[in-house]
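Have a look at these structures, which come just after this line.
Here come two complexes built around chain A, the first alongside chain B, the second alongside chain C.
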Partner chain A sequence: MIEFNFAVVLAQWPMLMRGLGLTMVLTAASAVLGAMLGTACAWARLHGGMVLKRVVGLYVELVRNTPFIIQLFFIFFGLPSIGVRLSVELACVLAMVLNLGAYACEIVRAGLQATPRGQLEAAMSLALTPWQIFSRVVLPPALARIWPALVSQIIIVMLGSAVCGQISAEELSQAANLISSRTFRSFESYIVVTLAYLVLAVALRQLLNWFGPRFIFVSR
Partner chain B sequence: MKFNAFSNLAALMASAVLMFAVPAHAADDSLTAVMAKKSIALGVASDFPPYGYMGPDFKLTGVDVATAQLIADKLGVKAEFVPVSTPNRIPYLQTKKIDLIVSALGKNAEREKVIDFTVAYAPFFQAVFGPKALNIKSFGDLAGKTIAVTRGTIQDDVLQQVAPPTLKIMRFEDDATTVAAFISQQTQLLATGAAVAAAAVQKNPQVQAEYKLLLKDSPNFIGVRKGESALLSKVNDILRVAKADGTLEQYSQKFLGRGTGVLPD
Partner chain C sequence: MVQFSLWDIFSFLLGAMRWTVLLSLIAFVGGGLVGLGLLLLRFSQARGVGLAVSWYVQIFQGTPLLMQLFLVYFGLALLGMDTSPMVSAAICLTLYASAYLTEIWRGCVNAVPRGQWEASASLALDYQQQMRHVILPQAMRVAIAPTVGFMVQIVKGTALASVIGFVELTKAGQMISNATYQPFLAYTFVGLLYFALCYPLSWWSQRLENRRLA
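The block that comes next holds the complex of A and B.
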């Protein structure tokens, strides 16, 4: 039988905790900024001028049709050649925000477009301004409709942050990789880190499902 | 429901454990198995010039590949090359995806606990490289700098032991990425094999990089699964003959541009 030795892996818990911490920070930053970017892009795709619509459309298609790791490498290894040198953590957040923003744009846009015509007409008959209509009448129920899809997308981006280790960010999967190459206990390292991601994803979903209806949109 | 999900997961884990259950101490039967199926799985690097890399004709070549081919030829079996990365090569050997590691593998105490090594077959110098403008004379001068290194390599190990704690070590998954981080100036310094750095510097003259410090003179050995003594002694015989008749020297001259020097037996 293969002998399991979790003790040597768990002995490295400070490294695992630091990795877990960075994964959580990266996820939190990119979830907030990415969802905001996505909402702004969704508005632009529906109500923006011709040029803005085209630019946002190009961005969305570019991000949704290329692999995340290539986007990350482009930002980290490519941008320095035009003089933009970002730190590892900043490059990771930027890549994750851009990635989530594009997907969130399409998710939010679907919610916005599902607004019943009568609701818009009612709002207009009350002489609300276009901004009031968007922010008070259209957006909250749209977010309520697409919230589960948006939460899933945020979790996908959180799990996708595992590739940030490729540009030396010391997040959770990089911590597991480091531990496995130091202890040669790869199976144990990956079991531990798999469970950590699982717990993190379940907890994040619960948190957002609790948070959304109370603070982002008020469901009745 | 929750409990159900978790107990299912536990069952899944348990069955995974059973599936992966293999004898801890491998039976000494790799040589027999290799001879029976008339092919040997050799783990080589595919992105690590001049040791193991894809030539312009899309065929693997380099010192490691030539040596691996020699071993297969002398055993009279077919060489089946499996591209491996620096971090995954030892797990590949342990899980029997490959029979030998021939990928610029250095020997250290930690690795000796988990795999066996043959005699050395090629030289390998690991060093720190950096731009000419940067004044680095000793390990102390590394304080406050950033350095790119491949995760789980000997140079990663050595740096951790000798460098000041303020040196920021940035670890990448393979040598190509490590070199890319240095070339794109995401790090100030680079720790890698001398031959690798020479090739990278030659192709990217704009970085003005030069040799700074020697980390370790660590020749390459072939990795064999722990306890496979029949295969180990067979490969050792082949390497000793190749050393005596000048074959290894010839490979070293051809790919590294210098002799093997004195290789530890």
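The block that comes next holds the complex of A and C.
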């Protein structure tokens, strides 16, 4: 007969809370920076010079066709040998930002490309500068169009951050690893933490769906 | 101290890559079969069944693959099964792939016009016949590109099997890194090998999608 003991796992709640906190901080930082990087890359892929387009294209394909764990290991273990030494948390954020940036680039680009031609012509006829056209006319409705896809991608990156425990960042999944080795209750530890991720994913989607229309692409 | 030549490192990684490919194939084929079964359940009229499938999908899409791997690994052991990392990873990735593929294919079935369901129902086809002869053949044309695209996800997902101790490409990269003290070299090689596996699939998926839309 299998017996479960969740009490000993939940007794370690301070550790779970700290892990939850770090996961949320990592996700918040990488969502903001990653979305900005993605938007910049999308702009570069559409309006940049030939070289810039190629470089961004290569970056996007390299990130999208390699596993996140390898990107993380490369940044944390690989880069120090060429003199770039990052703290654990910084390495996690950098890996997550680069990862989200590549996916967000393609998502935002699709939104930008769907801009009706007439909108551009109307904006140009009002003598707006190219930057004004991009930031005021093209970008807000583009973000509104692709917001659901971007939210999904941010959640995927949040879930992917579980891998950061492998370079001993003390985020949520690492809390499960530590609690499991302290209490010998592996299955229960991982169940508790997995449920926490599920709740976090649902809550994050709700939050971003609420946040986007109010603050990112305000409809006036 | 033992010296490793570049060729030693590369051939070791290539050998380990076979396991990445094998695990990916198992997960894709297994996930495809389970996913197809779930798809049929998803659209059946039986009460609650469709809802249960959508919960299954929600759970797999709302939790980290790494946690799923740990749960399957320790869960099977708890049930008294003598599990190897390979078997656990294969089972977990199959379930993971089935959830995603069901969801992808659901969208493709929904893309088949409603009239096709009504027309086939008016010909007195039952649910199985409708699916087999009318709906799935049309949904399949839409489904090929995203399905190929999802294979990239699976290949990348197998990298996490290294964490529960299965020696595939990522684990081999860690071993090389530890043995040679050259993490930069090791992870560059590993990254390029993953790229060599995934990029053709991405490219193919994109091409199928463009051709369908053209």
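The rule we apply is simple: the second predicted complex is superposed on the first by the 218 of 220 C-alpha atoms of A that agree within 3 Å, B and C clash if a C-alpha of one lies under 4 Å from a C-alpha of the other, contacts with A are read in each partner's own complex, and residues count from 1 in each chain.
Criterion: contacts are C-beta pairs under 8 Å (C-beta built on N, C-alpha and C of every residue); 3 or more make two chains touch, one makes a residue touch a chain.
Small disclaimer: the values here were computed from a predicted structure and weren't measured.
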Exercise for the section: Would you sort A:W210 into first (chain B), second (chain C), both or neither based on which partner it touches? Expected result: neither
Problem - First, second, both or neither for A:L178, with chain B first and chain C second - result: first
Practice task
Return first, second, both or neither, reflecting whether A:W13 touches chain B, chain C, both chains, or no partner chain.
Solution key: neither
Fill in the blank from the handout: Of the two partners chain B and chain C, more of chain A gets touched by chain C
Problem - Partner chain(s) touched by A:S81 [first = chain B, second = chain C, both, neither] - result: both
Handout entry: Partner chain(s) touched by A:Q166 [first = chain B, second = chain C, both, neither]
Key = both
Fill in the blank from the handout: Interface residues of chain A shared by chain B and chain C, listed 2, 77-78, 80-81, 165-166, 186-187, 191, 198
Problem - chain A residues within the chain C interface of the complex - result: 2, 61-62, 64-71, 73-74, 77-82, 155, 159-163, 165-166, 173, 176, 186-187, 190-191, 193-194, 197-198, 201-202
Exercise for the section: Spell out the part of chain C that touches chain A in their complex, as residue ranges. Expected result: 59, 62-68, 70-71, 74-75, 78-79, 152, 156-157, 159-160, 162-163, 170, 173-174, 177, 182-184, 186-188, 190-191, 194-195, 198-199, 202
Fill in the blank from the handout: In their shared complex, chain B is touched by residues of chain A numbered 1-4, 76-78, 80-81, 85, 88, 165-168, 174, 177-178, 180-182, 184, 186-187, 191, 198
Problem - Parts of chain B lying in touch with chain A, wherever the complex brings them together - result: 9, 13, 17, 20-24, 87, 90-91, 94, 110-111, 113-114, 148, 151-152, 170-173, 177, 180-181, 184-186
